[in-house]
Amino acid sequence: MFDINLAPMLAQYYVGDQYRDTGWFGVLFTLMIALFVLFNIARAGKGKDLYIRRIPGLNAIDEAVGRATEMGRPVLMVPGLSDSVNAIVVQALNIFSYVSRIAARFSNPILLCCYNAAIYTVAQEMIRDVYQQEGLGDRFDPDSVRFISDRQFAFAAGVSGLILREQTAATFFLGDFYAESLIFAETANSIGAIQVASSTQPTQTPFFIAACDYVLIGDEFYAASAYLTRAPVLVGSLVGQDWAKLLMMSTIAVGSILGSFLMGPFSQKMISEEKVAGEYKPTKGFDEQPGPRPVKMEDTIIHQLLTPAPKGDVKVKREPDPDAPAPTDAAAPAGGGE
Amino acid sequence: MNLDLLAQAATPPSFWNAPHGSTELWTKIIIAFVVGIAFIFALMAAPHKMRRPVVAFFTFISGLYYVLYYVWPVPVAKEPGTLPLNAAENVGFWLTDALPVVAKFSNVLSGFLLGLGIFSLLRVHGRRLFKMQKDWFFSLVLILSILLMVVVGYWDWYTRLDPKTSSKLQDPANWTSINVARDFVFDGMLQQMDAAMFSLIAFYILSAAYRAFRVRSIEATILLATALIVILSLMGAVEYLWGSGVASMFGFHDTVLADGTKQTAAEAMTAANSFGGNFTLTSIRGWIQSTVQTPSIRAIDWGIGIGALAMGLRLWLSLERTSGGNS
Amino acid sequence: MDPELLLKIKMGVGVLATVGLYSVLYRENKFYRFWEHMFLGLAAGWAIVALWTESLHDDWYVKIVGNAPEAGSTAPTTPGYWAYVLLLPIGIMGYFVFSRKHNWLSRIPIGIILGLWSGQQVQVWFNRYGPQMADSIKPILPTTSSFFRPGTVGMSPTDAAAANSQVYVSDAITNIIFLITLLSAVSYFLFSVEMKNKFLKNMTVLGRMLLMVGFGAIFGSTVMMRFTLLIDRMYFIFIEFLKNGLFGGT
Amino acid sequence: MAKVERSLGEKLQSLPKPVLYTILILVTSIPQFFPVPLPNKESKSSEDVFNLLTTIPEDQPVLIGSDWTNSTRGESGGLFKSMIRILMRRNIKFAIYTTADPQAPQVAKDVIRLLNEERKANNQKPYEVWTDWVSVGYFANPEGTANSINNNVRAAFADKKSPDAAGAMKPVMDSPVLANVKQVSDFSALVLVTASNTSNVTIERVTKTKLAMMVTGVMGPETQVYYESGQLKGLAIGLKGCYDLETMMAKKWPGKEYVNMDNGAKYYPTLHLALLLLILAVVAGNVGMFMTRKRTVQRGS
């Protein structure tokens, strides 16, 4: 009874696999979010100043570095344990370049521990830039940005060793942290270092909360550099992200309310046709015999939009390829996908 | 151009491939490499204002693949050895075929960078060793163990190169001393250290909980309370006692069923799908997890997901200051 | 060497390493430092080995030079695809990071890696979050006036099915709590919305509280694993090594 | 009097770490010498895994992702063993691949070798590599692999080899296990035993077959989300999940020739004591805090 299948409108045989049934909605939704972000970046670029709420953990940064300077002990930073460079690492490094800028001004030693060579490359680059921008290029010690190990627990051992030997006064753990989060946090805590931490892994946040002074929860981490630098691009994108969240929230709110009314309320509405794998089939009643059954959430439009279930067995007639490879490898048009 | 060119199908010889071990192949490889190096020099000579666009270009192109793969209609029910229906689907064919190839790129590239990391390690520790600074001995240990692992690792790998021997070496009985050595260094030492470090967390969790779980603020109390409920529910014995307690409260008793099987009060309660069933520790935990924990994690996850997507866009289009040329 | 003895030595070293790394619990000491550096060394060494043997050799080298079929294998000779070699110069660009003049070149390989990653985000986003959104849509109004789901024991399957198909008032309340948690928690992460009005402010506060519930639950269920690993370690030291190893299972 | 109370209160709040740690070591080691059976109540998600494994058709192979190594053998090892035992009892063929760690395949092989010895000991037919099960091996890139498994599994596994019954290396796809596998939906299920984030990677990309997971306790909560949303058909979490499976196996296969109780039964009792210690520590801390707090109140009044 709720049909929003685009397939018939498009050519029968050539709808992209991902667009079949309600698949198009996912693509649309993603593109919409992208649009929100880009639009707001453009908007902010036009010099429209946008509001950002206060993020407590970040005000602590200056304090932490300041304290390290008083004690003349180094500031230690870890941009997480991502397998390679990705947005999370870059984001962490953005914050760290802010930190090391302050450190550089106070000519306070820094230590940046990298989990793999790619991260090391980016970090070297970015931190040196910071020192050069501050006109302190000669003060930059390449060894202050180090590759420790690309093996999770070797890394953990190495970093905690460093923390204990260098007696770091302030530590920043921002990015992808897994099991080792607590090793770092407790070690640093045991020597009384000020800690600002955040993990993009929800499962690690509680441990940081238990052991660190300031914790950025969830995507406060992503908001951080926008908050610190107020760069239009970042602020704009942050607003766009909020729009996206609002979109998701309203989708769910509206979905729930509509759904509840379609299902009842206070009495069960029945249907006699349900959509199975993109096709409408008569329903089974409680007695497993064909017959009407109560409406479920799965029958509502929004639910079907969010979970496409394209028809399984589709055949498309295509010409055989004259110079097709031998049958044994015909199964492997694209090699093994290691 | 055809993205399929990199794919490993046994396609007939073309400009893009050449028979295994042929001189043709090696000439092509060498030429390609030389061209690549020449390209580097060209870039080095490039004017300053070119830099940002160049980097942005490479970033954009590589991101473009997955975006296209996502939005470009994927061929429906694509069978091997068939021709595309039309131009649009032809592109779809390329994209699908190229996926496993492109998927390798970031691995290979980050692989090539490893040398930088090792260089950093050796520089820090090498200096300490040669200047005989404090802890030089440990730097020596580090460098020696690098060498040890490299030698043993590669040697062992080499012995396994030949498929015949490698299948023979599946069974430890046929191991030569080098295989044993590798096993000793890798399983006996490296992996043991992994496990040791990993299990170290248990100690920290204890001290952290002891220090942090105080009924100070409302937030701390909430944290503590939920944690305790979950922990209790994980203790099967406690759960069991609690369950039977609740069951008897709701008037269920241990019974023997018609077929002679024993049924505990708790099981009876579950079987009866009674209201009391909501008060077993597992149910309470389940309720908390599915009613409060699931949505709160989801909330965090969504924020992070959108953040990643947005950041991804900024990097892909080089809107971020850091990803592109001028800093 | 006698394999039995070798095995015992191997375990012994494992135990030593464990004790050495545990010793940091007391304080940072030379023994720990020794094992730490050995750990780092072996790990780095292994990275160098694995780089070729487990990644580049198959994913890159063999693709370039192709390979011949082995005896008894049905696989055909795969030709070499020389174009893969172009990845090497790109990788080399990364090494310019230390050059004062041309360090920008190192941004090219990084840019490519970042580009690929970013593209993937677009590709996977909805697969990951679409179903989650769908699942978060829940009936918030009951379909019946009775408060609790009744016990279904003794009912005919048909009646039981009918009974279970209802949304009871208690279910509705649970769903409402679920939605409140989700929405308030998400609203906690709205950064650009000024929480002027009281309702919104309270909502974010509530959101933070409910997040804490989630964190508590996570902490609880994590404890289990951490302790299990420790127990497993202890099993290795005391049972496998001491009891069964040294004292031959007596 | 007040003196004693204060000192006690503050003592309770500040037990020296070494003391805590020593107690923990004792608590986690000593009980292991005296294992005791424990009552248990299976959790729903583990039951689903068990039901899935015990109901899937016997003529279809199962695809197993084995993304764990010895560093998490305490949990993953037990879960993996239980699953393999069930499959072996039902004579279901299986293929094992990994995207997490190059060592994972070897670890998995070792477990299977042990289980085979166990079967021989109980005079059951051992599971032969190549004919009954096959190890596809290690893939360096989780995302790409998951994508191409879902997209075209034959292609994904095409250039992987395994020794056949005679010991000659052959493409895994020629093995009796995978002979009839055209696409991933020809596997009755994909069960992922993982200790790393390959869980998300797989959920995001593999959509064309039943998906079940066995994860470590720490991953429980985040993976629970996908179980709730029905993206996972079953989920066994950590040692509890392991013990759940073992108890359910013991119910289904009570026979002496079946080994049901393993890691779960070995570690679960000790886990109780460890958790108890944690609870006591927390309680002690809070009691101490209240004692001191009371004191200050008294002084204030």
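Brief remarks follow.
Order as written gives the chain letters A, B, C and D; numbering starts at 1 within each chain.
Simple rule for what comes next: a residue touches a chain if its C-beta (ideal position, glycine included) is under 8 Å from a C-beta of that chain, and two chains touch if they have at least 3 such contacts.
Just so it is clear, the structure is predicted and the values come from calculations on it, not from any experiment.
Set side by side, B-D and B-C show the greater C-beta contact count at B-C. When chain centres are taken as C-alpha averages, the shortest distance to the whole-protein C-alpha average belongs to C.
Taking each chain's centre as the average of its CA atoms, subunit A and subunit B sit 15 Å apart.
We define each chain's centre as the mean of its Cα atoms; on that basis subunit B and subunit C are separated by 7 Å. Centroids built from CA atoms put subunit D at 26 Å from subunit A. Multi-chain contact residues of subunit D (touching two or more other chains) are listed as 17, 21, 24, 28, 71-73, 140-141, 143-145, 147-148, 151, 155-156, 158-159, 161, 168-169, 218, 221-222, 225, 228, 240, 271, 274-275, 278. Among the residues of subunit B, those touching two or more other chains are numbered 8, 10, 70, 96, 99-100, 102-104, 106-107, 109-110, 113-118, 121, 163, 186-187, 190, 193-195, 197-198, 200-203, 205, 207, 209, 211, 213, 223-224, 228, 231, 234, 289-290, 293-294, 297-303, 308-309, 311-313, 315, 323. Among the residues of subunit A, those touching two or more other chains are numbered 27, 30, 33-34, 84-85, 87, 90, 118, 121, 142, 150-151, 153-154, 157, 179, 202-203, 205-207, 209-210, 217-219, 223, 238, 241, 245, 248, 326, 329, 331-338.
Subunit C contributes residues 21, 24, 27-28, 32-33, 35-36, 39-40, 42-44, 46-47, 58-59, 63, 74-76, 94, 97-98, 103, 106-107, 109-110, 113-114, 117-118, 121-122, 125-127, 129-131, 133-134, 136-145, 157-159, 161-162, 165-167, 175, 179, 182-183, 186-187, 189-195, 211, 214-216, 218-219, 222 to its touches with subunit A in the complex.
Across the complex, subunit B meets subunit A through its residues 7-12, 70-86, 88-89, 92, 96-101, 103-104, 106, 109-110, 113-118, 120-121, 123-124, 190, 193-194, 197-198, 200-201, 204-205, 207-209, 211-213, 223, 297, 299-304, 306-315, 317, 319-323, 327. Only residues 153, 178-179, 190, 201-203, 329, 331-338 of subunit A touch subunit D when the two sit together in their complex.
For subunit B in complex with subunit D, the touching residues are 8, 96, 99-100, 102-104, 106-107, 163-164, 166-168, 170, 186-187, 191, 194-195, 198, 202-203, 205-207, 209-211, 213-216, 224, 228, 231-232, 234-240, 243, 266, 280, 282, 286, 289-290, 293-294, 297-298, 301. Taken in their complex, subunit C has these residues touching subunit D: 25-26, 50, 54-55, 58-59, 70-75, 78, 120, 124, 127-128, 131-132, 134-135, 214, 217-218, 221-235, 237-239, 243.
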